[in-house]
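Each structure below is given as structure tokens.
What follows is a pair of complexes built around chain A, which joins chain B in one and chain C in the other.
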Partner chain A sequence: MTLTKTTLGALAASTLLAGGAAAQTDLSLWYHGAGNEVESNILNGIIADFNAAQSDWSVSVESFPQQSYNDSVVASALAGNLPCILDVDGPVMPNWAWAGYLQPLPISEDAIEGHLESTIGRWDGEIYGVGLWDAAVALYTRDSTLEALGLRRPTLEEPWTKDEFMAALDAAKATGDYDYPLDLGTAWTGEWYPYAYSPFLQSFGGDIVDRSTYDTAEGALNGDAAIAFGEWWQSLFAEGYAPGTSQDPADRDTGFIEGKYAFSWNGNWAAATTLEGVDDVIFLPAPDFGNGPIIGAGSWQFGVSSACEHPEGAAAFVEHALQDKYLAAFSDGIGLIPGTKDAAQMTEKYAEGGPLAVFFDLSAEQSLVRPVSPGYVVAAKVFEKALSDIANGADVADTLDAAVDEIDDDIETNQGYGH
Partner chain B sequence: MALVTSDNHGLRLAARYATLSLVALIFLFPLVFMVVSSLKPDQQLLADTSSIRAFLPVGDISLDNYVKAFERAPIGRFMANSVFVTVTTVLMSILLCSLAAFSFVFLDWTGRGALLSVIVATLIIPFETIAVPLLLLVSKLPWIGLEGLETGWLNTYRVQIIPWIADALTIFLFVQFFKDLPRELIEAARVEGASWLTIYRRIVMPLSGPVVATAAILKSLTMYNNQYLWPLIVVQDEAHRPVMVGLGYFFQLQIAWGEVMAYLTLISVPVIAFYLVLQRAFISSIASTGVKG
Partner chain C sequence: MSSKLTRSNRAGWLFALPGFSLLFLFIIVPFFFAFWLSLTNQRLVSPNPTEFIGLKNYRDLLSVSIITLEPERTEAGEVVRDKDGEIEYPRVRTITRSDEFPQYRGMQEWFRWQSGDTAKVVIAADVVFMKALVNTLTFALFIVPIQGGGALLLALLINQKLRGINAYRTIYFMPVVISIVVISLLWRFIYSGNEGLLNNILSALTFGAFTPVDWLGNTETALGSIIAMSAWQAMGFHMVIWLAGLQSISPTLYEAASIEGASKWQTFRYVTWPGLRNTAVLVLIVITMQSFAVFAQVDVMTNGGPLDSTQTLVFQTVERGYGKQDISGGATISVILFLMVLMISAVQAFLTRERK
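For the complex of A and B:
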């Protein structure tokens, strides 16, 4: 009898425990950070906190290598196997929303108040994703280089003009102390090209596509401003200002630190390493080529997949993850720019007076997101090829015309991508 | 005169060995670079690439990259997955493809020539063209497992094994080899009353060591080294990922090249060991079939 009572008691207790555990509805999350231990640990901490802080939802994460993440998601969408919460790169988000992989994220405007605008993924009047951080690009140089070359230190309010920028390169070239005056990072391929170089085009007055309609690249990518940009771009390589597309990746990683280049166009993710190797490194704003100084923007965001049956649960998780302490933890851990000013003040490097604080200001003041269009994923590849060809000596006008044709064909094939 | 001839012979021999050594070195250089680089810190690795030091274990040598590589990715799991998928696929492939080839060569049935032509013709179809239809198919296929009837093969070992068992190249290799076997042996066995299955098991396969070795090596290289796109799209959980997808763990914004080299060295070990075990049979098969891997 005692045994029966004990057994029944144990059964009742286990049922209650199981019932308690089952009350949390499972939400799967896919993330692009496999192999990055620091990033994974922070995310796992956020998830553990969220799961413990409430009883409705339980998030479980599956991490993927970043380089193959998008392919895995697209394949899973085809196979009808998407998770609930998706990590999505900012410029890719409109394509996934348009393709039906994402549904709007039911998050309140209050929850994203004070966040860098570039961390909010908007498409078709709806919020589809929110990011915890952004990235920014700056012109790296040494304080001693500016002094030696007798150059004015540009500021956010008064960046270098095109003439000042080219004069700086000429001055560096004339010293004969450098392999090249400027490192643009052409050894990196893929999304780096549109992210890092299309802001030059936009500062000249062109763009990858016409943002007023998003139904053509005509005029934007092959108009007078774009051709002026293309000729300038080509001259950087033809006249020995920058290493071409065959730049040694090792030089990209360490060339500036070793003194091979006077200036380097690089992202904030490389700043910590550079600070360790160069005592007097400074980060300058983008030059103004005529239409304002511009840098790229938009990084990874959390969104809700169309297959998710509990978007409110996904939104609850995203709101939880957007707390300043987590933004600061990510920033301290992986070096990216926290999404809010308050979070920046909690970090070691982005707080006011910190060594990387300038990147937060650059992101807030100079950033322009890449074209917000489902067609961007194709246009980006076309743009990359065109710039690579021009760097290698292709005719500027012909190359840009061909790029416009290719982008326009794709837009037409996809019936305007819903614009 | 005899002395002169001997000198000439010695010179020719020396020249031949010098040439062969040079060729061997050319093929060995990438492997040496990989192993040596896996022992160096990144900054030294990159600095050494412009000199002969890239191939020498000099400077700050340690196993740190291996320790970090194991911390970054579940390497043991990835290697176990790849070895399991490879070994299972190779064994089943040799069995099924040799049976198919046996039927094409020794059994008399209508349309075998045409069907073999169609199978061989599939060699020209790149996998990328059928990847999406195959993905849609396997995502809906049923399976009866320990938990009863399931739908969908995604995130399993079977989805990495079954679509790769039968392939045109392996069938073609067996067909070519079987055609050269002495017909008299088969006919004598038939006269003695042996069944086709007995002939396959007792006569044909025991004589097919070289082609089995060739098929095993080619298939295992394909399964171990080239399995990237397919597992990428059908396997989303880490527990079933193979080594090639795992390589992506090492390509972060700042690539840790030393760890990449350490990972590549580790995952190369099973392939090199497998080749060394079967190399005599492989060379013999190349000599007899004229197939180049």
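For the complex of A and C:
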């Protein structure tokens, strides 16, 4: 008898609780920024605003460290435990969409009007992710260095050609003032390689895969343009222009500031620290190696997982998060390039005339997203190994051939990755 | 023979049950699972159904051929030589990427030698795997004597009745308790090319005559550096096993030896070493098995580079299975590794068996 009473009581209580929660449907969100307090605070602010601003949805966030984020998502997808809203890295998005982890994001075209194209993740004709920011890479140097070496200051309209770039490195090398003329950041392994260096290859006229069909890398990664790129890449290390793959990570972080390098190929995320250490730092656009000046693009984006029952709720949250004030907050907080021109004007550093405004222009003018294919995840690994082997003196043509074979094999075993 | 194991020994089997079921669940079942996966095209992430593909994964790893390259000749039929006098050969890619030789498609040069004017080139379907195989065998070949011998030496040293001997025991055993990842990170600093501890010590000892070496960034020294560090790291563990063996030798034997007037070497040769026989077999087999599983050091210190000089089989298993999402490829390597270790252990057990 007592048992029944308790059960009834519990039932009544839970009905009450459920009644209270029914007003707002719970949407879970996974994010890659655990450990970064500033980033978490901004995100929590956006979520609190969203939950307070409407009565249909209630978003709750769970943060993961970036290093293990992708593994966590893959593991939970295999176990069938995906959240509703997923944070996804731009180049990985097609892989997850193809694997069925993501569903198209039902967002209106109005909401993404005026956003940098590289922040919109499209795959198979649908939008799968939208990012609040982008990142860009530039050639860091000092105004005084250009002056001392008597070099022309390159502009977006007229970037350095390959010859001008190499002449600049030679001039810096001839002074004997630097450990190396150029710091490429070879100490950073992983996604940095394809992100930062495949644009050089594309500027030479090659690519990681053939983007017209996405069914082979033959010709793109081992054609004449790619071999020319490989020879040039190898010469940077063989002739002492840049430190090799065993570069000390500490030198990568502070070498340019300390004056060990004349030029540094680095991302906008390092700009704030560099500005503090170097008064006259300038950010030059990528050189043109013959096929136009190119830098990488595509950063983290929000998407909807296939397990989500309320994609419209997820879309409502993403549209809410895309407001300029939040883009500006992320930019001011962690130094990223805001996704719209209007948001850029609201930030301290990316506003017209701000010290980093040039990065917004670089993103808008020079950026090319990495190959949009589910196979990119594997191709990126192969590309990284090929580049570090070539830097260490491996035969250029043979190494690129081997990379092509590996990428092609992978595309074949995956039956063309749905292209 | 059957009597002892099966008859009225229920308690024994019950005691063994938890251990057996764990071994079965986490060693035997995964092995058969891996064997099955190696015959399919299973991916880590894929919407495509898994297909049975027979031995293709094994062919893709193990295929090796020899091709003969004729030297480049001028129109007069003379052999073309470059400025150093070396004979010039056509590139291997003119064969491996030609439609005339579909059987060599996708293969790469592993190594070559010259016989007369022609060059013999060994091409492999998976050169990285072959290099990993050779590196792993090299690693084991050096680790077994260095680590086993060093551990025995340490055990002899600390098997003395001295004041504070426990402090030494603790110090020698310390690296075993510390996580291998932490140790690898520390050794990366020690081996660092510009301001590393090792370079500093060597140049101080030689009064600056020593030119700093980038230990991990150099194809010649990278594997050796990892071998040295690994031998040091696990030495303490085997030291303890040796020590247990040493202490099980009856002191009366040593007393008898000293009464007979045996020298130190004779005591070791005729009393200690025979008494350590079973321990030696155990240490040998354990080190061999462990050395084939080398992974963490490579992952933290070199990532298999430079130029594949530190690739190992387990590193490749992980790299393929997770990095490149090719679970079946990774499973294939682990099956091959398992069979290799099984074979080597069987040979060792056979060679070191007790002869009557």
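The rule is short, and it goes like this: the second predicted complex is superposed on the first by the 398 of 419 C-alpha atoms of A that agree within 3 Å, B and C clash if a C-alpha of one lies under 4 Å from a C-alpha of the other, contacts with A are read in each partner's own complex, and residues count from 1 in each chain.
Just so it is clear, contacts are C-beta pairs under 8 Å (C-beta built on N, C-alpha and C of every residue); 3 or more make two chains touch, one makes a residue touch a chain.
Keep in mind it's a predicted model, so treat the numbers as computed, not measured.
With both structures placed on the common chain, the touch criterion links A:W232 to neither chain B nor chain C. Judged by the touch definition given at the top, the superposed model places A:S63 against chain B, while chain C stays out of reach. Once chain A of one complex is fitted onto chain A of the other, the partner contacts of A:T254 are limited to chain B, with no touch recorded for chain C.
Contacts of A:W192 after superposition on the shared chain: neither chain B nor chain C is touched. In the superposition on chain A, the residues of chain A contacting both chain B and chain C are 71. Every residue of chain A that touches chain C in the complex is listed here, in rising order: 71, 74, 77, 95-96, 98-100, 189, 244-246, 248, 377-378, 381-382, 388-389, 392-394, 397-398, 401-402, 405, 409-410, 413-415, 418.
Against chain A, in their complex, chain B makes its touches with residues 43, 46-47, 49, 71-73, 132, 135-136, 139, 152, 154, 232-234, 236-238, 245-255. Listing the residues of chain A that touch chain B in their complex gives 30, 34-37, 62-68, 71-72, 75-76, 78-81, 249-250, 253-254, 267, 269-270, 273. Against chain A, the residues of chain C that register as touching in their complex are 41, 43-48, 60, 91-93, 96-97, 106, 108-109, 127, 192-195, 214, 216-217, 219, 303, 305-308, 319, 322-326.
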